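Listed after this line are the structures, all set down as structure tokens.
What follows is a pair of complexes built around chain A, which joins chain B in one and chain C in the other.
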Partner chain A sequence: MTSSLIQMRGVAMRFGGKTVLDGLDWEVRRGQVIGLLGRNGAGKSTLMECMLGLREVDAGAIALFGEPLGALSDANRARIGYVPQKSDLFEWMTPRQMLAYFKALYPRWNDERVATLLTRWGFDVLDLNKPIRRLSGGERQRLSIIRALAHDPALLVLDEPVSALDPAGRRAFLGELIDEVVERGTTIVFSTHILTDLERVALDVAFLKDGKIVLQGPLDDLLEGAHQAQGGVRTDSLSLEQLFLEATQ
Partner chain B sequence: MSRSLAQYWLLWRAALGFTRAFSPRLLLLLAVFTTLVSTGIAAISASSAAWLSWALCTPAGFLLLAWSLGYLPGALKLNTPANAQLVPGLRRRLVELTLLVWLLGIGVLGAGMLVTTKAPGPGLWLAAFLTLGVAGMTSGIRIAWLIYLPLLAGVVLHQRLPRPLLLAVDGLLGSHLALALLAPLGALTTLAIFPQAGKRHWDMLAKQAGSSAFGARTVLDQEPGRFSWDGLLLRRALAQRRPGPLLMRALGRSLPAAAANGLAFAALGIGAVIYLAQRGLLPGMTSYFAQLSWVTISGVLLVFVFQAGMAPAWLARTTGEQALVRLAPAFPAGAAGFNELLARAQLRQSLTIWLMASSAALMLGLASGMEGSALWQQAGVCCMTLPTLALALRDHARSSVWPIFGMWAIAFALSYIGPMVGIAAYAAFGLPFWPVALITAFALTAVLVVKRLRLMRAAPIAFPAGRLN
Partner chain C sequence: MATLPNYLFSITPGSSDPIYRQLVDQVRRLVAAGQLAPGETLPSVRDVAQQLTVNPMTVSKVYGLLEVEGVLVRRRGIGMTVAGQPRDKHDAPERARLLRPILERAAREARELELDADTVVALFTHILKEQS
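What follows is the complex of A and B.
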């Protein structure tokens, strides 16, 4: 059994005439918490969707939990949690109905955790019984995260999960991520544009550019390496923002 | 082209562009085709003036249809509080354009009616109040339903009015009065539906998001009430954990529940009118209903035909939800298994709606005094719509979403194949109409459903729909 939880080999994907993924190779080990970075339109969401089998690839092979994506067992499918970029989903249901709906779709469901998160993230009885359409953007995003965490996933894929959250909401979410999910050994791939959040959570980062992972490694090592490459003379330390600009320009 | 006209044209196109499932080009083609055909038939078969009436009324009807269902929802979206307050002249131009197009449609319709009848009043009032009512309801004006009150009063009191007054309302004087009264009423409505920012504007937007079928992102997107059919069916699906009903829940509210609500309203409305007519409370309408009752009753089947035609559009609206559902282990991972589950669930849903619509039609038939062969023929009419069941089955991953009007046209065409073959067989060989029409409809349904099921089994996994288009 391989220690890689996600394996992507030579993955290519085109939209019309535009190449989005270009023979991409990528591996994510079990328990790794990796931040996926790239400029707008670099293909981060597409990469995540291909990784989960939500989009067909033009070439290449993808395996999750050591199983080819096309033959993923139900047991392993039940171990995946996904927070898409769009959080305005199932708007015709109430949060209570939506959570009950997904509970019916998964063999394992952590009711206690759901209740704790709902309370901690400020959902009262009134919120739980009004249509999701009437929740604010931040509330919908929190709900989306709770849904993805509720079945205790072993792989959590988060596509800009905190974009609609205020600083307090981001802090609460990151706290949850660090305290419970990371401690439990969950593998996490998440994309964000808020680099300070990434620095708080991710031990590793990967940069996507021109359809390929152009740089990947432990965040500290990358920052250190980029620093040394600036001439070897220790002046100011390189920030993640500077590294992002250099890696993706 | 003058600057004003250029701005009107720009706004018209921009507003129509907002409504995804609405194809202006298709509607224009349909309008031209229908106008030519109806005018041609009238010229050959009717009086010398009838062709002019059809040539005016048909395009006016299409214009009012495009105004109500295509332009207006888009124009309301253009008139955001920011645009209304900050873009110079945008709100004024929208108000002018909306009023001008509506007046043009109503005016041409009235002119067309005047060619062949001396009593265009009722038709004109009906068209005017219906379109204004749709405008008010679509925009989220809370008291918009009041616009329908004069119509209701007209239906109930029509034959009870003093004869001179009735003649005046129905006749030329009524038409002139209608145009004189309707222009300011239309202007008031138009000003009300395009507010200029402020609290009322935000309230209207909230109301639109909450209740309007045009504003909502998912069809039939209303609050899931605890005691509603929809809530009940959802709880049942969750308790039973049957994959088919659960899968359909990713596409929005339960369509059979919504159809049941719609049919209940339609049945109540039509039943009440038929009952009142039979009791002599609507004098003059009894004979009208006796002649047209089966046509009126068959209108209930539109609930089924319309939903069958809209199935692809509903799938296109919930691709985000479909992505999450596809990851869930409750459903088959393979394309063939997943698509088969979806196809069967779609068929079951459509059949349920067909059964409800057909039952409602037959019960209304019984209520209106139908018996014997008339009832069997009503059942036959219901069966003619069965081939539209196949419209829901397709390669969802690859197929593009056709405009709703196109899908409805196909649904109607499929429903007419049985009767057309029946007529042709009767005319050519003297074969009885109903057996031939029914056998054709059943055979067509079987062939289409089996063929489309095979197509779905061989297709890529259906969710998220349209991703390979």
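What follows is the complex of A and C.
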């Protein structure tokens, strides 16, 4: 129970007459780095939003850090970092103002880390002082990631965090995630369609389909176990892409 | 007993070989070929993870498996080192065995490409000469 950092039981959610989550059960243990996979429209973003209490569910129970979502303490709430797929908030603020605003909300804020990341990811004085709406998609996404990492979260939830980044930007981001894991043992849940990125970082994967988690396990085991199910004729394991296609069929 | 550079390894994500298995195979081959000599220290888990941008747990798993296999030895205060006596350089069948999985894969792809054996062997011979 205590090792379970995210716990979802029978979570149901209908949206515009369509069932998005259908009695979904899911558990993520402390320290897991888990990739959430599913086809477009499978409900990955909705699942993450429900998990964080950003959307009301129609049924089911959700607990984070062992506390029911409805009664989540401020201390635990401040240990969550979230990068939404698309953020249109705070567009009128400059990055400097936005970061100062968030700093005031969190008891813990790693100024040094923020400064390092801003420099490393190419934010100059000019960028820091212009409204966020005038930054490029990639710059906004990087800023959103910096904001999510700034308070050294214990749980990091990332929804397509690199969709606007070029390969160099993605690699730099993955490097930060590796550091997170090495330095802090952060629990990470992230969705992406870039499977090669996922393979580098995620040790576990979960597949969302028809409103449920239909398959979950250690990535290596799933890749290697899949061929045994086929009668052991293959000597190769599956690639993650093949596994994705099979699991989400 | 120099520490080896951490760019020793390389990986190809997206292949049908999981990353950990690619690394296990690489170390085995380097040791079998004598490119990693007994006693040499391997780069730390953290360095390899950061260099390759892979989860450190994956690197730990690789080192752990190779330790169980007896290819590597964990030494206190030093880290992972290459095990044991220098392998007998004449033990060619043993070393050839390590090449088999990768050749099996190549053979399968050759069949998929409908290449005949002579063409493939000629190509492989050519590549061997190129690299030497």
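What we mean here is this: the second predicted complex is superposed on the first by the 240 of 249 C-alpha atoms of A that agree within 3 Å, B and C clash if a C-alpha of one lies under 4 Å from a C-alpha of the other, contacts with A are read in each partner's own complex, and residues count from 1 in each chain.
The rule is short, and it goes like this: a residue touches a chain if its C-beta (ideal position, glycine included) is under 8 Å from a C-beta of that chain, and two chains touch if they have at least 3 such contacts.
Small disclaimer: the values here were computed from a predicted structure and weren't measured.
> In the superposed model built on chain A, check whether chain B and chain C fit or clash.
fit
> Tell me which partner A:33 touches in the superposition: chain B (first), chain C (second), both or neither.
second
> If we overlay the two complexes on their shared chain A, which of chain B and chain C does A:178 touch? Say first, second, both or neither.
Touch status of A:178: second partner only.
> Is the number of chain A residues in contact higher for chain B or for chain C?
B
> Is A:49 touching the first partner chain B, the second partner chain C, both, or neither of them?
first
> Based on the superposed arrangement, let me know which partner A:74 touches: chain B (first), chain C (second), both, or neither?
A:74 sits against chain B, while chain C stays out of touch.
> What is the contact status of A:201 with respect to chain B (first) and chain C (second): first, second, both, or neither?
After superposing on A, A:201 lies in contact with chain C but is clear of chain B.
> With the two complexes superposed on chain A, say which partner A:64 touches: chain B (first), chain C (second), both, or neither.
neither
> Once the shared chain is lined up, is A:86 touching chain B (first), chain C (second), both, or neither of them?
first
> Once superposed, minimum distance in angstrom between C-alpha atoms of chain B and those of chain C?
Closest C-alpha pair between chain B and chain C: 28 Å.
> Name the residues of chain A shared by its contacts with chain B and its contacts with chain C.
None.
> Taking the touch rule as given, give the residues of chain C at its contact with chain A in the complex, in rising order.
Chain C residues touching chain A: 13-21, 46, 49-50, 52-58, 61, 101, 104-105.
> What residues on chain A touch chain B, complex-wise?
Interface residues on the chain A side: 49, 52-56, 71-72, 74-75, 77-78, 80, 82, 84, 86, 88-94, 97, 100-107, 131, 133-134, 147.
> Touching residues of chain A toward chain C in the complex: what are they?
The contact residues of chain A facing chain C are 33, 171, 174-175, 178-179, 181-182, 195-197, 199-203, 219-220, 223-224, 235-242.
> In the complex formed with chain A, which residues of chain B make contact?
209-210, 216-218, 220-224, 231, 234, 237-238, 241, 246, 249, 252-253, 320-321, 323-331, 333, 460, 464, 467-468
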